[in-house]
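As written, the chains take the letters A, B, C, D, E, F, G and H, and residue 1 is the first residue of each chain.
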Amino acid sequence: MAKKSPEPQSADLGFAHVDLHRVKRVGFPEVIFGEGKSKEQIAAIAERIILAKQPLLITRVEPEVYAYLRSRIEGLQHNEKARCIYLEKTEKHSSKQGNKKSSSSKTKKQGLVLVLTGGTTDIPVAEEAALTARMMGCQVKTLYDVGVAGLHRLISHSEELRKAAVIIVVAGMEGALPSVVGGLVACPIIAVPTSVGYGSAFGGLAPLLAMLNSCAPGVTVVNINNGFGAGYAAGRIM
Amino acid sequence: MAKKSPEPQSADLGFAHVDLHRVKRVGFPEVIFGEGKSKEQIAAIAERIILAKQPLLITRVEPEVYAYLRSRIEGLQHNEKARCIYLEKTEKHSSKQGNKKSSSSKTKKQGLVLVLTGGTTDIPVAEEAALTARMMGCQVKTLYDVGVAGLHRLISHSEELRKAAVIIVVAGMEGALPSVVGGLVACPIIAVPTSVGYGSAFGGLAPLLAMLNSCAPGVTVVNINNGFGAGYAAGRIM
Amino acid sequence: MAKKSPEPQSADLGFAHVDLHRVKRVGFPEVIFGEGKSKEQIAAIAERIILAKQPLLITRVEPEVYAYLRSRIEGLQHNEKARCIYLEKTEKHSSKQGNKKSSSSKTKKQGLVLVLTGGTTDIPVAEEAALTARMMGCQVKTLYDVGVAGLHRLISHSEELRKAAVIIVVAGMEGALPSVVGGLVACPIIAVPTSVGYGSAFGGLAPLLAMLNSCAPGVTVVNINNGFGAGYAAGRIM
Amino acid sequence: MAKKSPEPQSADLGFAHVDLHRVKRVGFPEVIFGEGKSKEQIAAIAERIILAKQPLLITRVEPEVYAYLRSRIEGLQHNEKARCIYLEKTEKHSSKQGNKKSSSSKTKKQGLVLVLTGGTTDIPVAEEAALTARMMGCQVKTLYDVGVAGLHRLISHSEELRKAAVIIVVAGMEGALPSVVGGLVACPIIAVPTSVGYGSAFGGLAPLLAMLNSCAPGVTVVNINNGFGAGYAAGRIM
Amino acid sequence: MAKKSPEPQSADLGFAHVDLHRVKRVGFPEVIFGEGKSKEQIAAIAERIILAKQPLLITRVEPEVYAYLRSRIEGLQHNEKARCIYLEKTEKHSSKQGNKKSSSSKTKKQGLVLVLTGGTTDIPVAEEAALTARMMGCQVKTLYDVGVAGLHRLISHSEELRKAAVIIVVAGMEGALPSVVGGLVACPIIAVPTSVGYGSAFGGLAPLLAMLNSCAPGVTVVNINNGFGAGYAAGRIM
Amino acid sequence: MAKKSPEPQSADLGFAHVDLHRVKRVGFPEVIFGEGKSKEQIAAIAERIILAKQPLLITRVEPEVYAYLRSRIEGLQHNEKARCIYLEKTEKHSSKQGNKKSSSSKTKKQGLVLVLTGGTTDIPVAEEAALTARMMGCQVKTLYDVGVAGLHRLISHSEELRKAAVIIVVAGMEGALPSVVGGLVACPIIAVPTSVGYGSAFGGLAPLLAMLNSCAPGVTVVNINNGFGAGYAAGRIM
Amino acid sequence: MAKKSPEPQSADLGFAHVDLHRVKRVGFPEVIFGEGKSKEQIAAIAERIILAKQPLLITRVEPEVYAYLRSRIEGLQHNEKARCIYLEKTEKHSSKQGNKKSSSSKTKKQGLVLVLTGGTTDIPVAEEAALTARMMGCQVKTLYDVGVAGLHRLISHSEELRKAAVIIVVAGMEGALPSVVGGLVACPIIAVPTSVGYGSAFGGLAPLLAMLNSCAPGVTVVNINNGFGAGYAAGRIM
Amino acid sequence: MAKKSPEPQSADLGFAHVDLHRVKRVGFPEVIFGEGKSKEQIAAIAERIILAKQPLLITRVEPEVYAYLRSRIEGLQHNEKARCIYLEKTEKHSSKQGNKKSSSSKTKKQGLVLVLTGGTTDIPVAEEAALTARMMGCQVKTLYDVGVAGLHRLISHSEELRKAAVIIVVAGMEGALPSVVGGLVACPIIAVPTSVGYGSAFGGLAPLLAMLNSCAPGVTVVNINNGFGAGYAAGRIM
């Protein structure tokens, strides 16, 4: 894994040490978690990643951030439902530094990542997961609003469930969907609890606990609303 | 609600005010919650209920209590799995006071109470529910270990599910079973979380929260391990 | 309730799988939980339900949603206190699809559903419960602000309490009302904790725990502020 | 409460600084909380308090501790239900130091402290409260098992409730009794939650929260099972 | 407190059952908790209380409510820091119903209620307590910002502490002040935790738990920020 | 899903519905969770699985259960550290039913599952994970006590970390190890929090939350002490 | 630090008892916690501290407060990132009272306080810590965004870590950084959890618990986001 | 502290990687946390540490472990109150490996570590802290049972408090003592919450939260009952 390029392992921007070496260690560059960062900070980190010719993914950003960034960086894409900004193939675009070559993965990984949601309100989290998995080179298919209160909606897609290589199940409220799916298929299942619900859902605690206690073995869980983490884990598996 | 009988509304034993009037107000006499009471206290309250010719139900008792009670009171029955002691038809038995007539309900209520469990370990709670519902005059059927990780076990009993007048669903771990059942039938569903599980099940908190947040509408919930309460509520509904 | 029409079991709108089959399985069509859905999503799902000639109920919606919907769908009714939009008899109205026949229940169920609140601030939740029970064909009566700090207010309505077939008790703060009511009547009691209170009420946790631990047996509980669930459960019981 | 004696403010036993001055500051000597202390430590502290001619109260002790102490100290009294050891009038007894004069209050305070419990299992906590209040010179009356599921049991004692100067209400499970009592009387009410209950009672958390959120104003609360604290507060009020 | 008047026990306004009988049972009329009620609801309840010639106290109201109410009701007073509206002597004022005689207590109770705060930010809660106690006829004195990090500030007022008949201690953060005060005086102490603090103060949970676990016996506790309850309890004691 | 074999989908033992079909759906037979089941129940279920010629795995069993089982079933293996009983190749063994052919996987899956622990006390959970993964056909290597307080212990094994196909990280206390490992490798990481720790570790809550909030993306989490689930998930991935 | 002036121990402003004696007892004057105080209150307290010729530090203030204060007090400095206002050398400035001499420490303490953050979003808390430590006379260096997911960023600064006299580690999410640092150096480490994160980070609870359970001994912890407390503790150590 | 010996950085015992390098990095060798380890595991790790001529400290061990260890290792010391086994000067003793030279610190650090407790029951935790600090070369003094309910006990030791270089404050229940001490002295204060208390103390949560929210700045906190951590941190400061 040795490399000749004099690329530094990290770039110190004062407010951030951009981990440029991460792509070599873990297979994907540092991803910018937008929440709580100013748009100027996001822009500076994004430009440094583009300069290093690495794919760019920014999560949890409001539309204003996109408006600001595209005035500084060319070619950005925006998935508003997923609240993500990204730039898959950096060589085609140029920030003010003028990148040349992308380190983005060219070849699609084999097998399908299937993203399910229990309800309509879970979709933004599912979109974040789907986009992330796609950024990591996975083929992704989504299937929304197939919660357990109407099992036939899920069971009518049994074929697709069995064909998937990894299934990401996004659900709020009582978080029962991963257990049901886990009893139907043999592939790895990544459960994402969401903050959809009210009262004793306690911001996603109810589905989080349910998923951690799933009676279907082999279900693993990520943080509440962490679509990114689920998509990333799916990418690691693929 | 005026009554000629000189039966007192309650009997003061010092450590207990036995609510003899309850059977008239709410349709079933006071039930003795055994946990935390001495066997002498239980015996004294039980004898007072028998004296009033009311059916007797004692929940949450260890076998020692039964051994002690049957030496003082004739004709007691013991359901060890349910941890209950009971005496359905008090006229046939005699405590030292020699009762004559039972106030126990003679006619079975119509319709079936179906008691389901997610797993084998939930059975004691289910047995408490089933016994309680039977004591209240309900016909009861049980169906155990039909959790969501193997849906076919549940779905193969669809007919029975649809015929039930009330379904009590007892489940620990992620507590997903009531949601699945709630999406299959039109009758009332009473969900009982159990303390079966470990770690982040937090003594039954996980299934309790899951059941309270069920996406299947019309599911109501009782306390963790409260089989008695579920059976009693089923009796009230019937 | 059998139907000849080749009505599909569910309709896939991309962001939602409308469960058109639910009315046959559980006796009432899918209800739209408005919170977190865009008004366009709500409208599309609502139109699909109307097209299937099923009664429509949308809960947790702000007045803006109603303003938008009535510009697209004729004949909608709005209960602002309950934050619900509904359309009971779909045959009289026409969406752009022009429905013909309602599947709404014609015959009122027998017996009365009584909805109580502990205080004035609990009323919106109680209204949601009352409206839902009415939508399911129940006769409903409400009795507000009869909390336990002034017992005479409750006891002066003893007659009505005893006549009810189901009682829904809505209360925040310490949630004591269901226990008191549970000791007075023989019918099923559904307790609804509300987020009314402050400090250690913890958003409704205090009355939720109180209701789950009620010393009056046979009280069952739904989620915090879940008036809809309580009304729905009452409808199932009736 | 004499002030001339050169009695030190505190006595340092190494493992304890006995606060001998407390009786002068707060009106009652230091009370020994037995839980977690060895019987030798308890004995040494007790002897130091007796030496200072102050009344002795030891709470939360097992019978073994009493067996040990009475072999070292004469005249001790034991209330096993309350799990307390005490010595009200120290002048009549002699430890090895041979005390002469008691600082125990001679004259009974006016007005009655009434101690209620919701159930039978709450009695030990109530006994601790009653004993403590008596030690502080109060007249105390107890009334047990008058919980809200059978209101008539409470209401039949309305006269006694109204005559009380302070009411201590001890209750587990949903902890509703203080709210009901608080709506019936004008005197101060001290609520004591107990750990009686199971599942979502969470060791007394449910009644604690209920009591803190009581809709009956003027109810104040002490720690779970803290009968001592309630009795002491009643003594301060009287 | 006259008893001949044919005054009804409660007045049913639809959204509220005003408990007009409360003043006779518990010594003070119903108090309006303003949070969550509309200004029209508050006005209607207030007018009914005034009509019954009872003192009026409305807590937790924003300035807008006061602006609205004084346009309907004459003579209202507003304590903005305490967020309360009140009308002590109702005979001097006239709502549209024109009251004649106040039931407000004329004679001041003996003894002093002392209200302390740990910090400056706790003052609004303390003001609510002080106003409530005054409304109940108590003499009240306040002493603010005397927290335990600078003990000399408290100890320099030892004389006042010892003279008080009841002390209300209002504190956020770690809530240590009641324990220190409780070790200095013999009178009853009512502790009020506040939501002052951040992070692991968890909205007042930290001081609430601290106060419930106070090592100074006889401290009783009310809900977080419940100045009203503390003032009311002080009034009951006096 | 039609199958010619007359093998039933599940076997109803009264207290258990053994899911014999699971191996076909999810690739591995039902695993017996021993906790809370009687040894007779475990034996009966085990015999039914063996009769179906499926591999047997029983988790969370005390040595007594093993002593009992081996008197009824031949050839059982016991991993005491992992608290598991198993029987990998059922054809070589005979229960009283005399099995003939094993459905256990013959061919080892490619790639290595690496199981790490933060400390010595985490080993039993790690052993459960390792055994489960081996039962599912994985090659497994363990590396214990390489927690973050001595990073060099971990870093000296960098080569092995990078070669692993899946890494299971088992850690209690602050649960930091998965984040550090997640930053070093590109393979999927399954984090298992343990109940090792005390005080504010709250039975494993601290490492559970830490792992769910890992700043190293792609870490997924299972329940506290759930070595089985982690091993199973690793098997699904492989 | 002895002073001859008859400076009072505290100054009573009605809403605040300014603890002027604190500088003598604990080595630094009272610091104004701005949150929840009005700008007028802050100004009055600040002026009283300046009058006493003590250094001034105000934390948790919004820019509006600064705008207001500088119109009343000369020479104030504002660190917007840290949300602090301060005045280090009071003799050079004059409030309306015209101070003469500063009590601010002239001589820098020896040794370096190093402030680390796990991420960019933790910087405001770190700045508060750094400013506080500087106000107390410490030399401070900061190193930001060196979280554990990219260990090389931290390890490349090993030299600086080893030279520090005290290290303050500020981190949100899983809070793993203090454990890693604690295993690398011998100096005292003060860990500051932040509310950076979402979902099961529960407002900083996750890193707080992680830090309290650190396997690296000798790590001590302050409240969530309490940069001030960490800086102050570092100052006490130095 | 550099050493020429080719001592390995860690020793792999299979179940443990003994971190022999730690003494060089952090100034003190690895300490054995006894809880959850078998006595054989403890012995093996202990012998490896002794072989490396490093001081030995084993915490949280029952007397049985000591009985076992002293049969294998010569010269061990046992502090039963602190539940610790230790061996300060390893050169004088010989395990089977026969050590020659101790790496234990010879010269006492300057300044005093003062260990306070709120009550008698907190002493075991305090003893663990004191022993640890002594092992690290500190001079230690203890002062027990000086809780805030009797302030004079603390204030009478003001001189000692002011002379201390570091103060460790160990307290359960409401955990108020560190705040009071923090307002009296200028040195660093390390607060140790204990699980002393009951009910809403929630196993030490109450004092933990209180200490984290201390209004006395500069107080840092360790885990519940973590006397070792406090002593270690004190050693790092000294």
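Some notes on this structure:
Note that a contact is a pair of C-beta atoms (placed from the backbone, for glycine too) under 8 Å apart; a residue touches a chain by one contact, two chains touch by 3 or more.
Everything numeric here is computed off the predicted structure, so don't read it as measured data.
For C-E, the equivalent interface among the listed pairs F-G, A-C or G-H is A-C, as over half of the contact pairs agree by residue number.
Compared on C-beta pairs in contact, A-B and D-H come out with A-B as the pair having more. Once the centre of each chain is set as its mean CA position, subunit B and subunit G turn out to be 59 Å apart.
Once the centre of each chain is set as its mean CA position, subunit A and subunit F turn out to be 28 Å apart.
Multi-chain contact residues of subunit G (touching two or more other chains) are listed as 22, 119, 149-150, 182-184, 199-201, 205, 208, 212-213, 216-217, 223-224. This structure has the following touching chain pairs: A-B, A-C, A-F, A-G, B-C, B-D, B-F, C-D, C-E, D-E, D-H, E-G, E-H, F-G, F-H, G-H. The part of subunit E that touches subunit D in the complex is made up of residues 22, 25-28, 31, 182-190, 208, 212-213, 216-224, 228-230, 232-233, 235-237. Partner subunit B is touched in their complex by these residues of subunit D: 120-121, 123, 144-146, 149-150, 152-153, 156, 196, 198-201.
Here subunit A touches subunit G in the complex through residues 9-10, 14-17, 19, 21-22, 30, 33, 35-37, 41, 45, 193, 195, 203-205, 208, 223-226, going by the rule given at the top.
Chain contact summary for the complex, subunit A toward subunit B: residues 118-119, 147-151, 173-176, 179-180, 182-184, 197, 199-202, 205-207, 209-217.
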